[in-house]
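First chain A sits with chain B, and in the next complex the same chain sits with chain C.
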Partner chain A sequence: MPEVFIDGKRFEYEGEQRLLQFILDNGMEIPFFCYHPSMSAPANCRQCMVKIGQPKKDRETGEFELDENGERKIVWFPKLQTACNTMIADGMVVLTQETDELVERAQKDTLEFILANHPLDCPICDQAGECPLQIQTYKYGPEGSRFEVKKVHKPKRVQLGPRVILDAERCINCTRCVRFTDEISKSHQLTIMQRGDKNYPVTAPGREFDDAYSLNTVDICPVGALTSADFRFKARVWEMNQTPSIDISNGKGCNIDLWTRDNLILRITPRYNEAVNDHWMPDIGREAYKLFNENRVQRPAQKLDDEQINSSWNNAFETLAEKIESTDKKEILFIGSPHASVEENYSLMTLANLLGAKTPVFTTNIIEGYGDGFLLDDDQAPNTNGCRLLGLEEKDAKSLKKEVKSAKLIVLLNDNLIDREVLEAGDLNDKFVAVFATNRTETSKVANILIPVTTAAEHAASYVNVDKRIQRTFPAKETKYTDRRLDIEMSEGRLDRYGTSFDNWVTEDNKVDCIPFWNFVSQLGERLGLKIELRNGREILDEISNKIPAFSGVSYEEMDVQSGISLGGKKETVKS
Partner chain B sequence: MSSADWKNYKPVLIPEIKDLHKIDVYEKNGGYEALKQVLTDKKKFDGPKSVIDEVKAANIRGRGGAGFNAGLKWSFMPPADGGPRYLACNGDESEPGTFKDRKIFEYNPHIFIEGALIAAYAMQITSIYVYIRGEYIDYVKMMEKAVQDAYDKGYIGKDILGSGFNVEFHVTYGAGAYICGEETSMLESIEGKRGYPRVKPPFPAQKGLWGRPTTINNIETLSCVPLVIKNGASWFSEIGAKNHPGPILYGISGHVNRPGVYELPSGVPVHDLINEVAGGMRNGKKLKAIIPGGSSTPVLRADQLEGVSMDSDSLREAGSMLGTAGLVVMDEDTDMVDVLWRIAHFYHHESCGQCTPCRDGTGWLEKILLKIKNGDGEVKDLDLLLDITTQMEGRTICALADAAAWPVRHTITRFRDEFEARCKKSVHAMA
Partner chain C sequence: MAYEFTKEDLEQIEKIKAKFPEVKPATLPVLWVAQNRFGHVEPEVQRLVAETLGLPEAHVHGVATFYTQYYKEKMGKYVLDVCTCLSCQLCGGYDILHHIEDKLGIKAGETTEDGMFSVQQVECLGACGYAPMLQVTNGKYVNHLTKEKVDNLIKALKEGKEPDYEQMEMPLRKV
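And then the complex of A and B:
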């Protein structure tokens, strides 16, 4: 197998590989800015300098030439090379900053140049704390500054587009943002203007940077030059907790991180998953963070004289139980939801089965032509395939209306059927409607009983995306019902991880009064004398995996190891 | 013809023939004969490779500044595969002190066109682009006309002179950026993109214009080609300096009586160029320094010029380079701090801004030099300047950073006293 020597250590490699990526993949480090693993390597920042040589081969025999000590003779490149655009070659010898003084010096020199015109904005810069320039300066940069002349001034607070703001002085001209619009989102909306130290990215005159993926440039900008119009100045990164999750605003199921402080989700960023979304996500998925904080259903409500008024948990619980008991089971319609998780839909199904009611139905939320062939799919729901694989009955709007007509009691799991015009409020006029909802909507308004349930940010649960990949969430914030100390799915707080007291878990603020749907179902089952034990997402999925062949072999452990599991074959053709 | 015999030299690139820029006049004076020979005289030239061999043997060293053997460069083109291949002719001519290609555009455009056509044939090229600096808009128009005339006469186009050889010829121009003279930046610009130099490898011969094999040559380089074809490689290689033969368009500027472009053999002694060709120093002043080949080549003090001639070996020994043979002459009244600041200003203004060391280094150099020029500098700034040049050299995508660093390094080292004298006196007591 071909080999390469890095700082005296031998590595084997296969195929075509960029030296910088190879070094990073093998747990070593080289400072860099412009390189991004998913884009072309322009080698413009000149930060990843290393020393490179190739062994000398005898032209005739093809053998390596050896020196008097029996070591291979190395021919060094006369100049230092950038690791990012160097392809590894067999026998290559590489010296990094760890072993070569000139390399160390060159990296420091480049950082000195970058910092020369960089404003001292760190104390007020959103990027501080997660800034590659800051981090690499600490590690590899010069101490102090020899730059005693005037810095270049450029426009600050430029609204590049509706969601992205540019501070041109902070830009280090790595062209990552420009390459993103050229190579990834293909909107070609950005270019660098001017020359030399006057460089900065702009849109064409009169145009906006309104790319549906524009906020990815904020993520990949290695400095605080591009910031999110929505998030900027809201929180320092070290005040927030980062919890892995799944984008539930679209069927694609982009892998994301939820950033929490004081039980509020403050921003959403993409999380790398090569099989789903690489490093990217659409802007619209980031806006979904508001759904976790705003307009939530807080504590149960019951309708009295056409008006919903708050009720106690006990009262709501007892009313619903009595209603179920007193209704002919053939006249109960359970409606599942592609917007709810596998575990929630399964819980609904279990309840329906044990009661002897009909299998729950669901209606897809697909907007034909909405998808862009990249990370936005026609399917607006995160779990359409989950409902299908569980065996819920898929109904179009017309047949759902028919089902509704012949039912007396309707139990609806988190789906805004009225808002998305599948049903009309009038369809439900003479029915008793129990709605389990996360947010207040037109649909929640018609509920005779309204029960608040947890969102994807508050429970561990799984979702099957349009490509039939099952992926799961973690609770990112506490509710009034959960106790972090008792919930093994809760991610670590900063206090756990870093021993800092900037911890989002320590506050009682902003906890929503809601309950995981399966817990409600369990209690209801007990009250109704049914044998239901649904304790948490992990156990429910184990049960599903044992009972339903489509899910066999699936578990939280396995999903965590593989970043999600494909449940068979190709993407189901989307039909509405 | 030896360099010493330059007085008897008769210009061949821009000979004194009235209206030579007109295609009829050019033809009457033997124009397009070389192209005919190459395409149709099978006894003399047996296919493209024989043309490359002849040009290689002539040792035409690139007149764009780097001095690379043109024929050798042509031989790097991969074998033709039926797809498009390009010749990009560099007429961007923007290095301060360099103003020679314009003479060819103005007085003898067809010698360049003919040379480009021969090069195209030799490398089996399908399209030629000539890229002219935007400020030369008049020459752009003249070139467009000359190319059209050559099309009309059947020297460009399909089945040229019945040989079966086809080639297109496009005239393009820049928009005022020096960096677009750097060859790969020029390719980007021709493609209609922002003029950022490309990272090499891949080299243009592998992936040039639109990702296809491309060769880049300077206008003057290509203009030498018809001469080599007509008169033979040995005729050419015997003109002037042995290692850098052929006619050279010397662009002489600065404090001389007759600045201008002069065609002479390579290797003319510097003193002859100043004192005889350019009519001597203006106002009888004494010579202080020269920049021999465009602003990036290291400055030489008058006392370093004894016996030095304008060829690559001699100038290297003296501590500089031939570059574009754009000779800048400076008299005793010249303020070297001013000169260096002005050069640094140019490179700062022209850095494309891709590479960190160049983008931020060129500006830093200029700003310190301005400070020194204004009398606010300190001696430690001189050492800082030298440090900065070390941090820039050899660490960037293209050679602009080197071109910016060299003059600073060499001017400060060679005129250190003058720079120190401009610095503030130390405020620290000497022990």
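And then the complex of A and C:
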């Protein structure tokens, strides 16, 4: 197998590989800015300098020439090379900043140049704390600067597009953002204008940077030059918790991170998953963070004289139980939801089965032509395939209406059927409607009894995307009834760890008064004398995988190891 | 104002395109075609070039702004690039610049009202041996400038007479 020597250590490798990526993959480090594993490597930041040589071979015998100590003679490149665009070759010898003083010096001096016109405004910069320039200057940079002349000034607060703002002074012209629009989103909206120390990225004159994926440039910008118009100045990164999750605003199921502070989701960023979304996600998915914070249903409510009045949880259990008991089971319609998780839909099925009612139904939420063949799919719901695989009955709007007509009691699991015009409010007149909802909507308004349930940000639950890949979320945000310190799946940030309820940065109101749907079902079952034991997502999924063949072998552990499991659908890799 | 290439321009552009395996490298020469036609490549013209070549507008904009020789705004009929880089500066480049500014009643970077002249202060044009010097509209160099030489030049240009190419004597190559 071909070999390469890095800082005196021997590594074997296979296939074509970029030196920089190989070094990173093997747990070593070289500072770099312009390189990105999913894009071309133009080598324009010059930060990843290393010393490279090849062993000398005798042309006749093909043997390595040896020096007097029996070591291979090395022919060094006359100058230092950039690791990012160097392909490894057999026998290559590489010295990094760890073992070579010249390399260390070169990297330091490159940083001094990169910083020559950088404003060094980290204290007021959004990127601080997650800034490659900041980190690498700290690790490899010079202590000061020999440039004593005035810095070049460039435009600040340029609204490049509706969602992205540019501070041209911070830009180090790595061209990652430009390459993103050229190679990944293919909108070709950005370019670098001017040259020398005057250059910075712009759109063509009079054009907006309104790419549907524009916010990815904010993620990959290695400095604070591109910031999100929505998120900027909201929080310092080190005050937030980062929790892995799944995008629930589209059927693609992009892997994401939820960033929380004080139990509010402040931003959503993509999480790398080669099989789903690579490093990217659409802008629209990031806006979904509002769903978790705003307009939430809090405490159960019951409709009295056409007005929803907050009630106690006990009242909610009692009222619904009584309704179920007094209704002919054939006249109960359970409506599942492609917007709810596998576990929630399964809980609904369990309840329906034990009551001897009909199997729950659901309608898809697909907008033909909405998808773009990249990370936006026609399917607007995160779990359409989950409902199908569980065996819920798929109905179109017309037949659902018919079902509704013949029912007396309707139990609706988190699906805004009225908002998305599958049903009309009139269809539900003179029925008793129990709605389990996360947010206040036109649909939640019609509920005779409205019960708040947890969102994907508050429970661990799984979703099956359009490519039949099952992936799961982690709880990121506390409810009134959960506690970060007791739930080992929840991440704790500094503020969470040290704040008590009496600290002024802890806002009790940010914890929503809601419970997971399966908990409600279990307690309702107890009240109805049914044997239902649904305790948490993990156990429910184990039960599902035992009972339903489509899910066999699926568990949270396995999903965590493989970042999702393909349930027989076509396996797709995002490569643009 | 809507800009359009003439039929001849388009034929020329086709010829340029045929020289390269891809369209992208044609950006530079086609920007020249445009500048020769319209006298500048302001954003509207850049857009025309992008559309004609089927390239992203942003790309054409990037190329046009990279090179100072492309005029990104309307310029005078004659653009006087006066060098004030080191050699010219030492030999009186600034005196020449200021003389031109006074004479035309504009500052560097401006255009006269009649649209005849623009003056620019530029960096080294590679003619240090004949400093101080200036360049007329991306083309001819006028060397060893004196105030009289400048006056004559401006007078001639006003009459539509462009200067001739000057053969310069070099130490090792006598004319």
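The rule is simple: the second predicted complex is superposed on the first by the 549 of 576 C-alpha atoms of A that agree within 3 Å, B and C clash if a C-alpha of one lies under 4 Å from a C-alpha of the other, contacts with A are read in each partner's own complex, and residues count from 1 in each chain.
Convention: a residue touches a chain if its C-beta (ideal position, glycine included) is under 8 Å from a C-beta of that chain, and two chains touch if they have at least 3 such contacts.
Please read all numbers here as calculations on a predicted model, not as lab measurements.
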Fit or clash - chain C, chain B, common chain A: clash
Which superposed partner A:R207 touches (first chain B, second chain C, both, neither): second
Broader residue contact with chain A after superposition on the shared chain, chain B or chain C: B
Which of chain B and chain C A:I192 touches, first, second, both or neither: both
Partner chain(s) touched by A:S249 [first = chain B, second = chain C, both, neither]: neither
Chain B versus chain C as contact partner of A:Q47, first or second or both or neither: first
Partner chain(s) touched by A:F147 [first = chain B, second = chain C, both, neither]: first
Steric overlap of chain C with chain B in the superposed model, located at which of 6-14, 24-32, 96-104 or 114-122: 24-32
Shared chain A surface residues [contacts with chain B and with chain C]: 191-192, 194-195
Of chain A, residues touching chain C in the complex: 181, 188-195, 202-207
Chain C to chain A touching residues, read off their complex: 43, 46-47, 50, 56-62, 65-66
Residues of chain A touching chain B in the complex: 41-47, 49, 78-80, 85, 106, 109-110, 112-114, 116-117, 146-147, 149-150, 152, 172-173, 175, 191-192, 194-199
Chain B residues touching chain A - in the complex, by the definition given at the top: 177, 179, 194, 196, 199, 348-364, 367-368, 371, 384, 391, 394-397
